[in-house]
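Labels A, B, C, D, E and F are assigned to the chains in the order they are written; within every chain, residues are numbered from 1.
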Amino acid sequence: MRLGILVNEGPYTHQASDSAYQFVKAAIAKGHAIHRVFFYHDGVNNSTKHTEPPQDDRHLVNRWSKLAGEHGIDLVVCVAAALRRGIKDEMLAPGFRISGLGQLVETGIEGDRLVVFGD
Amino acid sequence: MLHIVNKSPYERNALESCLRLALPGAALLLIEDGVYAATRGNVAEPRLREAMQRMDIYALRPDLEARGMAGRVIQGVKLVDYDGFVDLVCERPNCQSWL
Amino acid sequence: MSEFENDAGGESAGRIKKFMFVNRKAPYGTIYALEGLEVVLIAAAFDQDVSLAFVDDGVYQLAKGQQTKALEIKNFSPAYRALEGYDVEKLYAERESLEARGLAAEDLIVPVEVLSSTELAELMAVQDVVISS
Amino acid sequence: MLHIVNKSPYERNALESCLRLALPGAALLLIEDGVYAATRGNVAEPRLREAMQRMDIYALRPDLEARGMAGRVIQGVKLVDYDGFVDLVCERPNCQSWL
Amino acid sequence: MSEFENDAGGESAGRIKKFMFVNRKAPYGTIYALEGLEVVLIAAAFDQDVSLAFVDDGVYQLAKGQQTKALEIKNFSPAYRALEGYDVEKLYAERESLEARGLAAEDLIVPVEVLSSTELAELMAVQDVVISS
Amino acid sequence: MRLGILVNEGPYTHQASDSAYQFVKAAIAKGHAIHRVFFYHDGVNNSTKHTEPPQDDRHLVNRWSKLAGEHGIDLVVCVAAALRRGIKDEMLAPGFRISGLGQLVETGIEGDRLVVFGD
């Protein structure tokens, strides 16, 4: 199947980003395709390369980047939500790109399912 | 329909609203803090047992384990890993997260 | 809606899915109602079959008489009245949610179809995409 | 003690916990989505009326106005602006936000 | 605790206030429990009169047997056992919150004093600073 | 009186930053002193100069900067929370500074009250 994913919360503060990541990893392992992961609301905060969690904690941003690199997953950050929260193109970690909300609607249309993770 | 609830039944009304608006035959998956609703002695236990008569109730095992609740699960709640989460999403024609 | 021109008419052109946006949060306390509306408008611009459900505190989004001047926050409630211009005309409110808050259809800024929980549940069950916030 | 509650009584249990743990003579200020608890017809109305017997209940007017609820306030709830919010904080020896 | 050396012993040296940290949220679903603990340790390093109250879903923070390996999130529950080493010894749990969740004192990873709502309310009322999360 | 303020949530997503700002403005107008505004948890996201809300919306970051400039208010961003969320020194808007949690405890000690705004 082709799955679309929506992440509505930033890293660490809510479990949403963790849950979405574990879900996507499991879906890939089962042979499903990830049409796109769309980051909306505070979810845009998952995309900044400046994130530095403590040494003994997981690195959520790098996890997403690595997954995108290894499996060619499209990680899209909503431009309007990003501007409102101070996320700019030059801050993006590898694998992320900024685009419009149309990309979310498109993944709702093109994907067989849209799974939403949030607060 | 697969309903996904990620909030504790004490802190929020998400589970209550979900159960009110879920049709018979639907599935419910409890994840994150939502898994507390799947534990014995929880305020949601009667509602969950009632819902079990008409719906399939699942809880995400990794979230139960993280919270030390894996040994307290109400009988009849089916435990799944992320694998099973993916299967549930694919088996059901649509899904809804009660955020 | 500058995103409209860029995004619509791509490979998704012509495919129509049922999108339901379930509004369960009050306005102003959090941004979900406001940012949720933006997705509604884009889905409408993609000519999708869009409906909005107002459930729980989401019914407060439609309360008449919102005056945000003292908060210095933008009053976005008029945007619900603009939905019609985007051909978004399927607005539903759950009767139980309204009644539990002492609200009636005439307290709302836009006409909505008031549905029982069962009626709304049946509508939800046939959607392709459900986005709740 | 000034107790501050900023959540809707439907969505969260903050008001309930606050009322359970507030001593007689304490003050309660409802702000943000918490102001819905100060409105007539709301599920919290009976609890608020009961609390009014032993506590002073305030609601932040700008938050009521923003939500279109200024005309629905339960009699006996005192309305304050941010000015009054500051006064309440200063008059009481301590304060607690029920986050 | 690298912040300790920089911050303690400033103009606040010698003044002792009653700080109560009210934990009302479950662990892992949100970060408040974890980041809240960091403030507790710093307050202790400033030699303040620190107490922790576990209320509502906050009592879940102390549940025995937390295993986070499958989530790939750090299990921070052992940190509660380390509190004693920072002289943080006033840990209270509300009886009503425990009972409503089917938990008893022996289900918790650290010894806590179980208080009635009224007893806890009286403790809260005499604090100088109350930080809830 | 001398008031300490704690802001636990980022701008826009929750009303916390708005409420804290309005409270601080009213307190200053009444002649009270603001000992410090401390930004913790997602509250650290209030400090980035890259924030660009839509033209017709309030600019929460600039509001705080202006208030700090006009009244000499100490706006402190928690270093650990900031690192975890990708907020770095070079991103800070005028008036903000990064420091340790000790600054929060200190404002609890030095202030006559600590008022907390969050989710």
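Going forward, a contact is a pair of C-beta atoms (placed from the backbone, for glycine too) under 8 Å apart; a residue touches a chain by one contact, two chains touch by 3 or more.
Bear in mind that the values here come from a model prediction, so they are computed numbers and not experimental data.
In terms of the stated touch criterion, the partners common to chain A and chain E are B, F, listed by label. Number of steps on the shortest path from chain B to chain E, with steps defined by chain touch: 1. Shared contact partners of chain C and chain D, listed by label: B, F.
Where the sister copies chain A and chain F meet, the same residue numbers recur on both sides for over half of the interface positions. Ranking D-F and C-F by contacting C-beta pairs places D-F first. Averaging Cα atoms per chain gives one point for each, and the point farthest from that of chain A is the centre of D.
When you average the Cα atoms of each chain and compare centres, the chain farthest from chain E turns out to be C. For the pair chain B and chain C, the distance between mean C-alpha positions equals 26 Å.
One simple way to say how far apart two chains are is to compare their mean CA positions; for chain E and chain F this gives 24 Å. In terms of their C-alpha centroids, the spacing between chain B and chain D amounts to 33 Å. In chain C, 28-32, 56, 71, 73, 128-129, 132-133 are the positions where the chain touches two or more neighbouring chains simultaneously. Counting partner chains per residue, chain F has residues 8, 12-13, 15, 22, 41, 57, 80, 114, 116, 118 touching two or more of them. Multi-chain contact residues of chain D, defined as those touching 2 or more other chains: 6, 10-11, 13, 32-33, 62, 81, 94-97, 99.
Chain pairs that touch one another: A-B, A-C, A-E, A-F, B-C, B-D, B-E, C-D, C-F, D-E, D-F, E-F. Residue ranges of chain F in contact with chain E, taken from their complex: 6, 8, 40-41, 79-81, 99-106, 108-110, 114, 116, 118.
Interface residues of chain E facing chain B in the complex, by the touch rule stated above, are 25-30, 56-57, 60, 63-71, 73, 75, 77, 100-103.
The residues of chain E lying in touch with chain A in their complex are 28-31, 71-74.
Remark: chain D residues 4, 6, 31-33, 62, 81-83, 85-87, 89-90, 94-97, 99 touch chain F in the complex.
Against chain C, the residues of chain F that register as touching in their complex are 12-15, 18, 22, 56-58.
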